[in-house]
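Shared between the two complexes below is chain A, which has chain B as its partner in the first and chain C in the second.
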Partner chain A sequence: MALPKRIIKETERLVAEPVPGIQAVPHEDNLRYFDVAIHGPTQSPYEGGVFKLELFLPEDYPMTPPKIRFLTKIYHPNIDRLANWSPALQIRTILLSIQALLGAPNPDDPLANDVAQRWKEDEPGAIATAREWTKTHATP
Partner chain B sequence: MSVDSHHESRLHSESKKSASLPDPQEPESGHSERLSEKDSRSTAASNAELAPNGKYFRDLIRLIQCKICNKPLQQPLALPCGETLCRNCLPPAHERQNISYPDQPGRRQGFACPFKLCEGQEHSLADCNLDITLTNILTQLDNVLSPNLPPDPLGLSKYFTTNLDARAEVKEPQARVSVLLSGYNLAQNGDLPFDSGFPQHTIPDGSLTSKTSDGPLLTTLLAATRSEFDCQVCYCLYNSPITTSCGHTFCESCLERIRDHSNLCPFCRRPLSSYRNIITGKSNRRLTDLLSLMYPDAISARKTQISEDMPEGEPTVPIFACAMTFPRMPMFLHIFEPRYRQMIRKAITNGTRCFGMVTHRQGEAPIADGDFDAPFNRYGTMLYITNVQMFPDGRSLIETIGTYRFKISSYSWKDGYPIAKIERVEDIPYGDEESMEATERTLNPSSGDNPENLACLSTQELHQNCLNFVSLMRNNSVGWFTDRILNIYGHPPQDPALFPFWMATLLPINEQEKYLVLVSTSVRERLKLIMVWIKAMEQKRW
Partner chain C sequence: MSSKVPRNFRLLEELEKGEKGQGAEACSLGLDDGDDIMMSNWNGTILGPPHSVHENRIYSVKLHCDENYPDVPPSVQFISRVNLPCVDQNTGQVIPTQLTCLAQWKRDYTMEHVLVELRRSMAHPSNRKLPQAPEGSTY
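This part shows the complex of A and B:
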């Protein structure tokens, strides 16, 4: 099936007005598949890291959310939570929320339970681990 | 003498005006800058294409005028009847009597609709919200037009209401008049009644407009407002725009797709189902008319593109004639017949995971439904397959949940099972539900001597009486009502719209009776049906 106009326009805008600290490049042979790189926000344990993700737009996008997966190992309590999708959101907004989550981890709404537990009980330790992982896995 | 003085004042205004009008070659606003050179050069062409004559501009201005105050709409509210008015033009609100459902904030405040077609019908304030798309369009439009209005709008207005004698004297200045600006100015001053045309002696006819600044101004205007007409779901020009009561606008086709996945507005996440415009599929008149006036070529290109993208024929759904089910209620099925195995397998592999469930027809149809001649009933519930357990021999156990009710419009047979074209069955809008309750309770202020008279009860009381019966039955541990049942179907819903579906699923009543609950599109009516069953059961017991 032809690529919906919405995906074409979103891609064009992502390229024309890129979000600072975020790159999203579609595959040439599959325009629904994007290679994404998010720079860790400054003053977060992820600062200095570049996190690679893959993003895929399913057949019924935007009715269903993009599928996103971290390729780079990351120590974070909430990573890949995509609750509350709505078709008024877009690739740009979803990547921005991921970037924001990196800046403000929320251990009260966890996906990775063990990480969230540690974040609550020993925040400095958790932050140190996150920083360490960033250095080991996410530094180019 | 008087002619002369007019003449003078006219020239005076004219010189002011020409100074404030932009040179087409030197766009002055931010929007104009974005226009490419090509746009400026093609001004003449688009001018001819759009044929912007006096009538065109009058229609354009009428579409942004309030029918009440005649001025350009300020904070336009979209009414449930499809009309639009300024927030300040809302008639005074009053407390609405005898309504108890849905009892949401703001719903008890109402007003009599001032528009002819409604004949004074009452709207709930909660149903009238700011039309966000139209507001944005009006803002863009004003951004383009206002800077071009002369510093003394009143002077201009006087100039255009000059009488006939004056016109005979000066032909030349007239030729450089902007019909669009002067019309907008008249409207702003409230001097342009909604139903009348431009005053003939004040605004020149179409033959003169090519010499005016209207061409470039219109081009700027069209470019500035264009993106406001894009649907935020498909990112294309609105196709049959529908505005929800929360004030957000979507293409009709986008809204249909949204509702297949969720019942919430993508922007504000308010529930969509109760909105009249969605239920009636009524387009936003102002937006539709603005679109066809402003972007006739783009809209026809969009329609062509849509018809090319549409799969051949209407989509059909597989139908399983088996059992009575209701929305939001789970159902477990053992699939063993080969034709239904195939049906389920297809629903899983094509990703829809949906099929329609209807009941077999037993003798006469429970309600009259015209020439529908199938061996099954016409109304059913769409089921979504939440879980499948396949056995090696091809049988399966499936768990499903009811999503929405439908009515079969036509059907045929395929691979041994029916496939059908369907329409969703929606509850009547909140407004109609409320007026039904208000009418019944006003006519039946008390039950009188007849305890069977349910009409005097509020919708909330009906719901509460049902809930009381349920807890009584639970305390008495009746057979159809056990903890096991509660585990499967959940506790009685607090939502009066859903409660009857829960009750009808549980109560041991014959299917002909339950079918009446399935097809009822009024919450109050459904609750009354349940109450009748309850009364009958109570009589049997005592």
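This part shows the complex of A and C:
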């Protein structure tokens, strides 16, 4: 059950040169399965929160994208949007784009429709809820 | 060797299949609590097979996937009363040793496998005429 070189290299690099605010640790018994923690960006309603995710590299990775799932409850209009995957992207880049998404919620391209609706109608209120959820669910 | 899909991603696949209605025709499956991040508790329904006493009945079952699923099978319990040899008549619990797919569970089996086999058991010549409690009664 040799792990593709590409995955070994990506994992080594994630450990050797970690991305600031992001930890990704492979499970010992399944090196395609990672525990991930992303720190909420400063100046965002997610600041101070640590969001736990799990990431799995499917059999045909990188021809198909990693599968990623939030374990921490989060109030965000477009979480886990993973469009435009290209095999040139990496675990590192996908985690960075999730972190960037936390810093720039976009209610015009929503996954969570009720959250997006509120974000458009009452942005300060939505941001306050996002802050509350960060405090309740993502504060270590 | 193929990559081993972790529990939560496997359950996510089963959920997506259930929600898109891509599953077996006469069985359906959904999460009991959509907010349960661990996706442990599920509700299944089985439409009784034709040419049997179960025809047109809808049976509800609860399924529970513990943290070792799918290395171990789910536990399955009927909510609707049903008279089948593999079902404990006091509790509605499906007796794992009495249903082949549970007794000989393999990691690539799914909850849908279990529902389909239960339905097959209802249609089995030795079971299809077993006397049943009135429609709609529960454990």
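One rule holds in what follows: the second predicted complex is superposed on the first by the 139 of 140 C-alpha atoms of A that agree within 3 Å, B and C clash if a C-alpha of one lies under 4 Å from a C-alpha of the other, contacts with A are read in each partner's own complex, and residues count from 1 in each chain.
The rule we apply is simple: contacts are C-beta pairs under 8 Å (C-beta built on N, C-alpha and C of every residue); 3 or more make two chains touch, one makes a residue touch a chain.
These numbers were taken from a predicted model, which means no experiment stands behind them.
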Partner chain(s) touched by A:54 [first = chain B, second = chain C, both, neither]: second
Partner chain in contact with A:15 - chain B first, chain C second, else both or neither: neither
Partner chain in contact with A:88 - chain B first, chain C second, else both or neither: first
Which superposed partner A:100 touches (first chain B, second chain C, both, neither): neither
Which of chain B and chain C A:128 touches, first, second, both or neither: neither
First (chain B), second (chain C), both or neither touched by A:64: first
Touching partner for A:33 - first (chain B), second (chain C), both, neither: second
First, second, both or neither for A:25, with chain B first and chain C second: neither
Shared chain A contacts, counted only where both chain B and chain C touch the same residue: 59
Interfacial residue positions of chain A with respect to chain B in the complex: 2, 4-6, 9-10, 59-60, 62-64, 86-89
Chain C - residues contacting chain A, complex: 1-6, 8-9, 12, 37
Chain A residues within the chain C interface of the complex: 1, 27, 30, 32-33, 54, 56-59, 67, 69, 71, 73
Residues of chain B defined as touching chain A within the complex: 232-236, 254, 257-258, 260-262, 264, 266-267, 269, 309, 351
